[in-house]
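Chain naming follows the written order as A, B, C, D and E, and within any one chain the residues start at number 1.
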Amino acid sequence: MIPIFDIILLVFLVVTALIALRVRDLLAASMVFGIYSFLICLLWAQMTAVDVAFTEAAVGAGVSTVIMVATVYQTARRSKD
Amino acid sequence: MEFVEQFIVPKFNYWIYVVLMMIGMHAMIAKNNFFKKLIGMAIFQTAIILFYVSIGVKEGANIPILDHHMMPGEVHANDPVIAAKFTNPLPHVLMLTAIVVSVATLGLALAISQKIYREYGTLEEDDILSQIKLEPND
Amino acid sequence: MKGLALFAVVLTGALLLYATGDFPAWGSVHSPANGGELSSHYIENVRTETKVPNIVTAVLADYRSYDTMFETVVVFVAGIAIIALLRDFGNGSRGYPPALANNLPEEPDLIITQTCNLVIPVLQIFALYVLAHGHYSPGGGFQGGVMLGASYILIALANGVEVAMKAMSERKIMLLAATGILIYSGTGLICLLLGENFLDYHVLSRILPTDPIMARSHAILIVETGVAVTVAAIMFSIYANLATRGTLKGGL
Amino acid sequence: MGEQAPIAIVLAPLFGALLIAFVGIRFKALCLPVTLGALTVSLAATIETFRTVLSEGEFIYLISGWERLGEGKGISIGIEYRVDAISALVLLVIAAVSLLVAVYSRTRVVAETPDRIPYYYMLYLLLVAGLAGMTITNDAFNLFVLLEISSLTSYALIAVGSRRAVLSAFNYVIMGTIGASFYLLGVGYLYIKTGVLNMEDIHAVIVANDLAESPSIQVAFVLILMAVWIKMAFFPLHAWLPNAYSYSPTTTGALMAPLVTKVMIYIMIRMMVTVFGLDYAFRATLGMPFNWSNLVVSLSSIAIVAGSVMALSRRDLKKMLSYIIIAEVGYMVGGAWLANERGMTGAVYHIVNDAFMTLCLFLAVGVFIARTGDPRIAGMNGLFKKMPITMAAFTIGALSMIGLPPTCGFFSKWYLVGGGIEAGQWHFVGALLFSSLVNAVIFFRIFEIAYFPKELSDPAPECTDPDAAPVATLQRTPLSMSLPLWISAIALIGLGIFNHTITQWIGSALGSLKFFPPAG
Amino acid sequence: MEIIVSPVPFYACLASLLAVIPIVAFGRWPNIRETCTFLAGAAKLALVLAMVPVVLKGKLIEFTLVNEIVKGVPLQFRVDGLGILFGLVASSLWILTTLYSTGYMRGANEHSQTRFYAFFAVSLCATLGVAFAANLLTLYLFYEMLSLATYPLVTHHQDKEARSGGRTYLTYLLSTSIGFVLPAMLYCYSKTGGSMDFSTGGFLAGRVGPTEGLVVLLLFVFGFAKSGIMPFHSWLPNAMVAPTPVSALLHAVAVVKVGVFCTIRVITGVFGTDFLQTLDIAAVVSWIAGFTVLVSSLIALTQDNLKRRLAFSTIGQLSYIILGVSFLTANGVIGSSMHIAMHAVGKITLFFCAGAIYIATGKKYVSQLSGIGRRMPFTMAAFTLGSLSIIGLPPLCGAWSKWFLFLGGMDAKQYVLVGILIVSSLLNIAYLIPIVIKAFFEQPSEEDKVDGIAEAPLACVIPLCCTALGCVALFAFPGFLHSLARLIATTTTTP
């Protein structure tokens, strides 16, 4: 049986994914994507995939978000959709 | 309700991975803004990683690191290792690779979108297409 | 177009869900993937075959070390690709469309700079720990490398890219990145020169003062170091290029 | 060192790239020699491997030296290379084509990407390493990693081109990522049901556990097919290809057009033959009232016709060639799915031929554009007189594309059409012939333009893009450009004359397989 | 039948191909260049002649160049009666044509003569390749080679007209060969399981039913569109934009005869006359050929351009040959084989004359030819002989072949088609004889009046006189040809 903590995390994941794609401010979207990465990292730790969680924390929530923000700064912040 | 109990609850992970993947894939295809497409791409790739990690989960199993003291030469050297007690490590290995690949792809795609912005002054697909229409085409 | 996209997505989703019903139960110990010979072999024999307690590390850097080598190459590719695309070699005097970065303050904030300067050494030491302790705990080349790279990114964030570039110049980035892969593939090549197949570490016992099994363990550390060096250099390079539109000046 | 040759095929370009990183960035003049050296070593290793295969049949190379577990065939716990006659042939094509294009690139890279030379060559070498690695590996996941290497390098190699190239590179990234992710997912679906990653092991488990009816395996099959189809630009998943190939730098187009789609077709055949098994591939129904073989052959007929028709209306040379490639992809996919040995032989043989045909044409077009500065077909006005030697090579390539003897294009059509007749897939036969005729129209129209000189009413269009470096118009064709062109043109005739030998090699790999003609 | 293995047929084929090298190398020195062509032609003819006695003894000469070009099918030459007949016609007329083109090309001061001679030599190589091909694939290879090699010849003038003529030429020839012959050939290949050797009984015999047989037969007959069979004939009049030597040799002899030769091979070597008899489908081909004979003759009546008129005449005459073979009788085959030679000699004379007239006077149209016979008596005399030969009147060689065709039709009891043959001969008279009458008996218009004789260059006149005399000689001494034709008939039909 899947632990209830997992289920909550999974639901949150979907919500953050949708938010990241709905927000028109791309800087905010990048930030929400960071949160998304962090949540998924938690999920993996919960699923006993510690190495994956570690990597995701460093790469997904860390570097990915930073380079996304960097790109937003170098391009446009507003999106039409 | 029975359907939910039988097919959704026991495989909730798989359902969510499909949902996330479809969210990401839809964004990749249908979003107008290139940056949004890339966020979709990242979500799409993490969804697949979620799928793989879900494969490897064993109920009641521990993280795939043997106790330091069980190493040869130590006290419990000859205790057999029981596979069921540890999570399947193989999907984790694969997904480490996949994560690295996804960040590499993301970085490259961001660089390309910066170059597009340099050329066209926008990241909106429709604006760029209307600019191209004005240029001499093949 | 939008309708078509939705259709394609829903169709794919339906296809994937169709197969979900066929999957073994979540968390099952006896599913083919979990109870199969392959996975069990790794778990049960890793300590006799490699002496590395962290099974993930052992599989990553020994059983499937060839994968991992190319994974490092993927990072390397991303690094050089981004340089090839974005790097402004000084002759790009063309106008650049306005961007958010143009409105940033010139001087870095004092509090941020000082905090970062405090954090960075700790971060770097921790990164080395993660790398070296990858045999026994979660971590290893990638994680350590990313953290090491992140420390330089942090310098760049706090003080500007130029300051970070003083410690890690562009030339050095390329040299380090290539060195990392060379450490990895060179290890494999030495195995090859010693008469065994590529990346067959046990033969290293002939030149390392250990037995063949410990040679595997040591070699894993060596190649993980290579991974870390490449990843650290490239992560910083990616950031530096993306944050400065390839000029390597100014930045966020 | 003979038994280590397979690994050298992939390692040589990798070490070449590293060497460029060490010395090439400072001494730009060394980049090309290093590239050529690495590719020569790779070619030599390929030839050595090929000879081993011919004398000893298919063999396995264990990376990391992990022996297989268990009795019988057992399962693989490490990563293996597996070389048979078909993969050796494809490797040979990769090595030869990449070396020729590297020679060709001498003046082009300097002219088109002057400040990025070392990076360009590093990406070039790594693309070759990725393609060769994909061809030779026997591990389903390892294939994904190498696929990503070749994808990332090709995105970059395209995006260093002009203004439009960047945009097409982005589309390629999106499509390519979907493709690669589908592949990864497909492997996951296989893994969840079989628990192994080695291609032959997957097949063994599918057979042993009788998983043919399992929905997961079927979905995995669909996903992997979709993935390779996206990557090979199989109509209607082709949208990324034409712009990517036509706006990218000359060398990129000349390297990618012959290799990338062809290697993906090889991967598709590999998946059909090694992972799923031919009986599965041709018989799987996915619970639908149709037969896979018939469906895919119909799709390829559509692809052939659509590609040809789209090529007909192009005025840009490279774009026209790109659409022809889309039609050619249809040839090979259709041939592989005809469910008989002749069709499969034709498909594999056409991989080799098509690689050299596209190479020849792209190289020739590169010379034309370098000389005239005009990418349009109309720009070829009077070229037979101006550069007869290059035009002669182009003519050979074009005749091969049309499928006229004694060029190799005729013989691949021979096998493909023969396979179509044998399978009774008349629409496929019709589509092949239609495409030959369309190619004839296209190329003879070009010949007319080049043969009957006339005053050009409109001059070459002004280059609107300052970054698409106004390509230096060469006064003479340097030897570095004409030599590869001529080698490829001669290869076309050689491949045609020795087609029987080549198909025998292919047959030695296919001979043990059982083909299942579609029921009814 | 006894088979002799010898590379002579291959050398005969190669002789003209190798000549390309000196032709291109000596492109700047026209005399040396043309000498090379002559030498190649002589060598070729000598090689072909050397094979004649052997073949007449009923032996076959075989040479395998590539053991298996595709599985089970070698690249192989085999010389039999039909092949040697055709090879002899083509190679002997090549020498005359070379002489003629020397005069013509220099007289007309044409450009790119080196290219012209080079591709001419390649075409001849392909023609002999077709003649000596031992199997369908070899035949097809050389057939396609001929299509391509003649394209630069047809479009020699490189102007707008040449461009559209060349376009029609290739469209018809390539689309039919790729669209029809290739699938039909592959169908045969898959039916026979890999063998495509022409054999007396036909290698397809007994392997197909009437319906498939008819489809394949028609695919072949229409696919070898060089035979000018309707409705795939219109490339031929359009190809007349080529310089006259090209029209003469290629479009009266080499190219078009390759078309009919291939059709004969299909009927005799692929299906076999016996098998066609049992399938009872050859009549369809007969009727198509009969239709072509009649319609083309009618069209020829309306043409004013001399070369176009001759072209339509050629279309009709070619269909005679197909008609003869499709009767499936011994006499029909004899008639067809002889007509290959007879028509070649006659028609090349007419084309030579047309070219000579153009060189001497610049006239292209029949209506302009009033009184030209007084100015060019030799040419027009030769023209008269050629015309009569085409019509089939004794004492000219065309009479023999028409006689055997007639007999063949009677044997096959195809009386309507025999009627068509006769009507068409009358039509031949109607479109050829008025030219002769105009030339000799009408007064020239004032501005055309020239005192005395003003013939074309000697290099043009000699060949046309030779061929005209050939028409007469072949009537007087048909024995050799007849024995060859009889040999062909005995090996392909059962009495």
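Heads up, the rule we're going with is that a contact is a pair of C-beta atoms (placed from the backbone, for glycine too) under 8 Å apart; a residue touches a chain by one contact, two chains touch by 3 or more.
Quick caveat, the model's predicted, so the values are computed rather than measured.
Trainee: Name, by label, each chain that touches both members of the pair chain A and chain C.
Mentor: Where chain A and chain C share a partner, that partner set is B.
Trainee: Hopping along touching chains only, can you work out the least number of steps from chain A to chain B?
Mentor: Minimum step count, chain A to chain B: 1.
Trainee: Going by the touch criterion stated earlier, list every chain that contacts chain C and also contacts chain E.
Mentor: Chains in contact with chain C as well as chain E: D.
Trainee: Look at the interfaces B-C and B-D and say which one is made up of more C-beta pairs in contact.
Mentor: Spelling it out, more C-beta pairs touch across B-C than across the other pair.
Trainee: From the C-alpha centres, identify the chain that is farthest from chain E.
Mentor: Between chain E and every other chain, the largest centroid distance is to A.
Trainee: Using mean CA coordinates as chain centres, what's the chain A-chain E distance in Å?
Mentor: Here chain A and chain E have centroids separated by 79 Å.
Trainee: For chain D and chain E, let me know how many angstrom lie between their CA-based centres, rounded off.
Mentor: 44
Trainee: Distance between chain C and chain D based on Cα centroids, please, to the nearest Å.
Mentor: For chain C versus chain D, the centre distance works out to 30 Å.
Trainee: In whole angstrom, how far does the Cα centroid of chain A sit from the Cα centroid of chain D?
Mentor: The answer is 37 Å.
Trainee: Mark out which residues of chain D touch at least two other chains, giving numbers and ranges.
Mentor: Residues 141, 145, 148, 152, 155-156, 159, 185, 191-192, 197 of chain D each touch two or more of the other chains.
Trainee: Identify all positions of chain B at which a residue touches two or more other chains, and write them in rising order.
Mentor: 10, 12-13, 19, 25, 29, 54-57, 59, 61, 63-65, 90-92, 96-97, 100-101, 103-105, 107-108, 110, 112-115, 117, 122
Trainee: For each chain, which other chains does it touch, given as pairs?
Mentor: Chain-chain contacts present: A-B, A-C, B-C, B-D, C-D, D-E.
Trainee: Applying the document's contact rule, which stretches of chain C touch chain D when the two form their complex?
Mentor: Touch residues, chain C against chain D: 15-16, 18-19, 21-24, 31-39, 41-42, 62-67, 70-71, 73-74, 76-78, 80-81, 83-85, 87, 89, 91, 94, 171, 174-175, 177-178, 181-182, 185, 189, 192, 196-202.
Trainee: Can you check the complex and tell me which residues of chain E touch chain D?
Mentor: The contact residues of chain E facing chain D are 66-71, 140-141, 144-145, 148, 152, 155, 158-160, 162-163, 166-167, 170-171, 174-175, 178-179, 182-183, 186-187, 189-190.
Trainee: Applying the document's contact rule, which stretches of chain A touch chain B when the two form their complex?
Mentor: Touching chain B: residues 1-2, 6-7, 10-11, 13-14, 17-18, 20-21, 26, 29-30, 33, 36-37, 40, 43-44, 47-52, 55-56, 59-60, 63-64, 67-68, 70-72, 74-76, 79-81 of chain A.
Trainee: Okay, in this complex, where on chain B does chain D touch?
Mentor: 25, 28-29, 34, 37, 41, 44-45, 48, 51-52, 55, 90-91, 94, 97-98, 101, 104-105, 108-109, 112-113, 115-116, 119-120, 128, 132, 135-136, 138
Trainee: Going by the contact rule at the top, pick out the chain C residues touching chain B in the complex.
Mentor: 1-2, 5-6, 8-10, 12-13, 16-17, 20-21, 23, 25-29, 31, 33-35, 38-40, 42-44, 46-48, 51, 53-56, 59-60, 64, 67-68, 71, 74-75, 77-78, 81-82, 85-86, 96-97, 99, 136-138, 142, 231, 238, 241-242, 245
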